[in-house]
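Chain IDs A, B, C, D, E and F follow the sequence of writing; residue 1 opens each chain.
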Amino acid sequence: METHLRKRLDIIVEAPLQRRVTEVLEAKGVRGYTVLRCLAGKGHGGVWQEGEISSAGAMRMIVSIMPETQARQVLEELQSLLGDYAAIATLSDVEVLRGEHF
Amino acid sequence: METHLRKRLDIIVEAPLQRRVTEVLEAKGVRGYTVLRCLAGKGHGGVWQEGEISSAGAMRMIVSIMPETQARQVLEELQSLLGDYAAIATLSDVEVLRGEHF
Amino acid sequence: METHLRKRLDIIVEAPLQRRVTEVLEAKGVRGYTVLRCLAGKGHGGVWQEGEISSAGAMRMIVSIMPETQARQVLEELQSLLGDYAAIATLSDVEVLRGEHF
Amino acid sequence: MADPFSLALDGLLSPIILFFALGFAASLLRSDLAVPEAVGKAMALYLMLAIGFKGGAELNKQGIDWTTAGLLGAGIVLSFVIPLVAYAILRAFTGLRQADAAAVAAHYGSISVVTFVAATEFLSLMGLSFDGVMVAVMAVMETPAIVSGIWLARRGSAAAGARRRAALDRDLLREIFLNGSVVLLIGAFVIGWITGPRGLETIAPFVVAPFKGVLCLFLLDMGLVAAARLRAARELSLRLVAFGLVMPLLGAAFGFAAGLLLGLGTAEMALLAVLCGSASYIAVPASMRLAVPEASPGIYLTLALAITFPFNLTLGIPLYFALAGLLSGS
Amino acid sequence: MADPFSLALDGLLSPIILFFALGFAASLLRSDLAVPEAVGKAMALYLMLAIGFKGGAELNKQGIDWTTAGLLGAGIVLSFVIPLVAYAILRAFTGLRQADAAAVAAHYGSISVVTFVAATEFLSLMGLSFDGVMVAVMAVMETPAIVSGIWLARRGSAAAGARRRAALDRDLLREIFLNGSVVLLIGAFVIGWITGPRGLETIAPFVVAPFKGVLCLFLLDMGLVAAARLRAARELSLRLVAFGLVMPLLGAAFGFAAGLLLGLGTAEMALLAVLCGSASYIAVPASMRLAVPEASPGIYLTLALAITFPFNLTLGIPLYFALAGLLSGS
Amino acid sequence: MADPFSLALDGLLSPIILFFALGFAASLLRSDLAVPEAVGKAMALYLMLAIGFKGGAELNKQGIDWTTAGLLGAGIVLSFVIPLVAYAILRAFTGLRQADAAAVAAHYGSISVVTFVAATEFLSLMGLSFDGVMVAVMAVMETPAIVSGIWLARRGSAAAGARRRAALDRDLLREIFLNGSVVLLIGAFVIGWITGPRGLETIAPFVVAPFKGVLCLFLLDMGLVAAARLRAARELSLRLVAFGLVMPLLGAAFGFAAGLLLGLGTAEMALLAVLCGSASYIAVPASMRLAVPEASPGIYLTLALAITFPFNLTLGIPLYFALAGLLSGS
């Protein structure tokens, strides 16, 4: 069974920014992504927790699988977009089956 | 502190398929898995979002840690199961402490 | 674009233990973490599912990015903390942009 | 009975419809207004519990007779048959592939609980009551259409047959026959029947008094969801939209025919037409994902939710009532 | 008072019990019927807020006397003591290990809010009212059993003592003494007491009118959860099941004894028996996970949720009321 | 009218305030009491739907006159202007940076729906009713302050201007002008207006009867959230806390001035003061995150939620009513 190497990009970002991040992904031609809801966390901005009435403080995790070159372009674009925001991004290696899908 | 190499299999799949996927995992002798709820996403089938009254459109992320050979068998089995469905699967390297647990 | 190597520590643990785990992270000087809610799963303790009235049975996934040496220290500490509990932990490689952030 | 046009206008300006319109408009304008998933699901459970219970309690008061049995039988037959008609139309006029046409057809054979509930509100606006057994008819009409749809999707495809037949597994059978919405509807109906008006009285402040208000919030959510579906629709041809508007009328016509055969009164005939003319978006889609994965939810969910549901809610229901009034000769 | 057997039958055929049965059956049949987690939690909050508030408002009307203090004291003592009895029985007859036996014992010393609520509904079916302080008794009985349970689990194990004692940390103490359900119950009780019947009147359409209806939906959920636990049960021996059916009777006997000593009326005596005979599944499990991790939730949650709760709900409550009627001589 | 001090005490001992205090205390003691996120959001939707609908239905009864237009105009102007004042004060006395001061200012120009709702409950305690248009005034005051705040944050910073102006994108514009809470409030208001008292009657068991009870549960949640914010506050200086206590009074003073100019009655004047004196924590924060990311939510959310909201809820509202009584000469 043949597999292909791709990169997994994990972005943890404030909920109000979700749409801007997915727009970057789409602009860079990324084929897909999945958004997860986060429950709580801590970072340089301190501790936060889901449950405030406004969802301004909530965070999302956006997971997206893509080829390495694309991943690096997206990361670069995100760096300037997310400068002032509470957000982190990581890149890791994954194997996938259907290379043409990503 | 000694660690062991294992594979992490991430499967993103439509909610109605969850039980079939976990049945494959159990049939192949996988010792454990964890299911997360997804909030939104995009793929070849277009954009989707949690919140429709039917949960037919929702997606789940299934994470499972297992030895490499098992992981490849599971992946092969999943490929035929998930053919027509909206689903992706990735494989990556992880280290674990208690090798016998996985 | 320069990136830095870090470790991603994924801890899946019973909800009542969440605070103890994040206290370990903080005690070891980890700069941030994110908690996700899990929906269902299976392990040595059998199958579980969100939705019981008590949240004693629910699980959380705690994701944290940190330098390798720190990660190994945390893992060691967790091993003794989580001995009797339903919990797993994995370590994997990630690249990040802002090395000083983690 | 009041003038049907002024009634229709009254209906259109009822809070229920206006909240649907609000949700629809908010989503088209891309407001971030949203009802949490868990709350939408809870309201759906509430509506099914309440309508089931009230129907059962009503039946307890009215008792069962031959019309009851006739109605239930008619519902089952219609749910089996309507998909065949829908399928033939879809294949002849819209160019849908077999799997897609079969899946869409299954949705139109089954029923929409919320459309039924809205119709009962319209009834109460007209000052009419209805036979509780109509709730049971609704419940028995949910499932047969799924069976028809799967048969339509699979027949002839002997090649892929083996693999597919294997997939008719326990999961799918459970999804079809023990779908949560069917179980709750029938269960609440039976409980209402057992406990009767006395049982209803004890929980009326929960299932009766706030019912219409909850329905407003639920329809706000439905408006948001329907418009979101419409915005994301990429697979909808003009012919498919036409199907989504004509099929409810055709389905309703079947309902009228059955109603005339059974000699139903206005209320029951109109409700049967509503059931036949509405399309499911709760019970059927999950079954179709499992049984006919090649069919695209982008087609069947969009048609059911974003075309047929709004049509029935606004124009269909008053029309069916006006026609039922004429046909039942009241 | 009406004939207890016909009352019991009435109780069994009340919507509350029937919805529990519906949930139970749906889960056994593996229907995908489910109540969203957030909604289940919200209903639990609602029930605690409502029962607490109503109890406090009732007490405000009735005033406090020596029986009040006696009842509260008795509740605390019973909650401390019952786990010791349960533990002895478990160790003698079921072969559970120390940790498991201690954890199970803690659950049976504590109380089940929903069982209490169902009992108050049974009371209103009988046309009886009850002393509001019983709600406070329920609140004070939640916690002592946890302390007993932890002591039972740890005593004697000097070896592991050091590590374990260290684990009696702030988290655990908070979980034990500031558990959300205890805080809400006591808080709502105090608020009800302060604002009295006038306060109750302003929020009665929220905490009184729909109460029974919400309870139906909640018990539907409980039925689903209990049966799911039962299906997943792998660690349940026949002897453990027997314990889950006998222990409520034994606990209730303690309640009766205390009730006779305090000279309680039928309603209060029956409710005290219900509290003693019921087992916690909200407050205690989380504490046990933290304090006694070696104990398996597969045992204590299954016993409390899937054996004792259904038993009390269906047979226990009418039995306790019948016995309380005899014993209190009314 | 009753003595304002006894009224204030009555208000403080109302279930609403006591549940807020319960939540606040529980969170300070670090109880694990929590209201699920989805349920908190649902209650917020409910409160906005209900208050909007009731306001619109009320207006339908009362009709529109010149005061209506004057009030709406005044609301818009006040929402634009109050941030400028708040900004000047913040810059002069608290040492906040431009971005933080601008963001905080925007929150104080906008309004808090829950504070308004609590004030209407206080009104009903006093036996007064109010002009339904006040709900529309609330709705129109939500947004202008956001525009002022963004302008304050950006003016002068020509350097960063290019990048920032680009960021005034569709997302942000939508967030500002089509924020869910604004859309629902205005939408429900319009629906209430269209359907009038007759529409209100049909859904009163949902939007009127349980309203106060839901508010209790919601304020329990608000208490939990406010205290959690306070516990996590690291960026709050004494001067900022003072601002959070003084600014509501200053805002209210603007409201009184406008009220005198418009010749409002006690109820309307007090409500306008409440709107001016309250600070938003639903609509504004999300806009500020998008538009002024350099500003810290740790400052503006903590001030609005944990300082100003509790102040208004407990002391502010009775004070505004007492003053409005004096000023309106009734």
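Definition applied: a contact is a pair of C-beta atoms (placed from the backbone, for glycine too) under 8 Å apart; a residue touches a chain by one contact, two chains touch by 3 or more.
Just so we're clear, the structure is a prediction, and the values are computed from it rather than from any experiment.
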item	value
Any chain in contact with chain A as well as chain F	none
Chains in simultaneous contact with chain B and chain D	none
Chain whose Cα centroid lies at the greatest distance from that of chain F	B
Identity of the chain that, by mean CA position, is farthest from chain C	D
For chain A paired with chain D, centre-to-centre distance based on mean C-alpha positions, whole Å	39
Between chain A and chain C, centroid-to-centroid distance (C-alpha), Å	19
Inter-chain centre distance, chain C versus chain D - centres from mean C-alpha coordinates, in Å	45
Residues of chain B whose C-beta touches two or more other chains	36-37, 92-93
Chain E, residues touching no fewer than two other chains	34-39, 41, 175, 205, 209-210, 286
Pairs of chains found to touch, sorted by chain label	A-B, A-C, A-F, B-C, B-D, C-E, D-E, D-F, E-F
Residue ranges of chain A in contact with chain B within the complex	1, 3, 6, 8, 18, 22, 26, 31-37, 60, 63, 65, 92-97, 101-102
Complex interface listing, chain A residues touching chain C	10, 12, 36-44, 59, 61, 72, 75-76, 79, 88-93
Chain F - residues contacting chain E, complex	13-15, 18-19, 22, 25-26, 29-39, 205, 209-210, 212-214, 216-217, 220
Parts of chain A lying in touch with chain F, wherever the complex brings them together	14-17, 19-20, 45-47, 49-57, 84-85
For the chain F and chain A complex, residues of the former touching the latter	34-37, 40-41, 44, 169, 171, 175, 221-222, 224-225, 228-229, 232, 234, 281-283, 285-286, 288-290, 293-294, 296-298, 301, 305
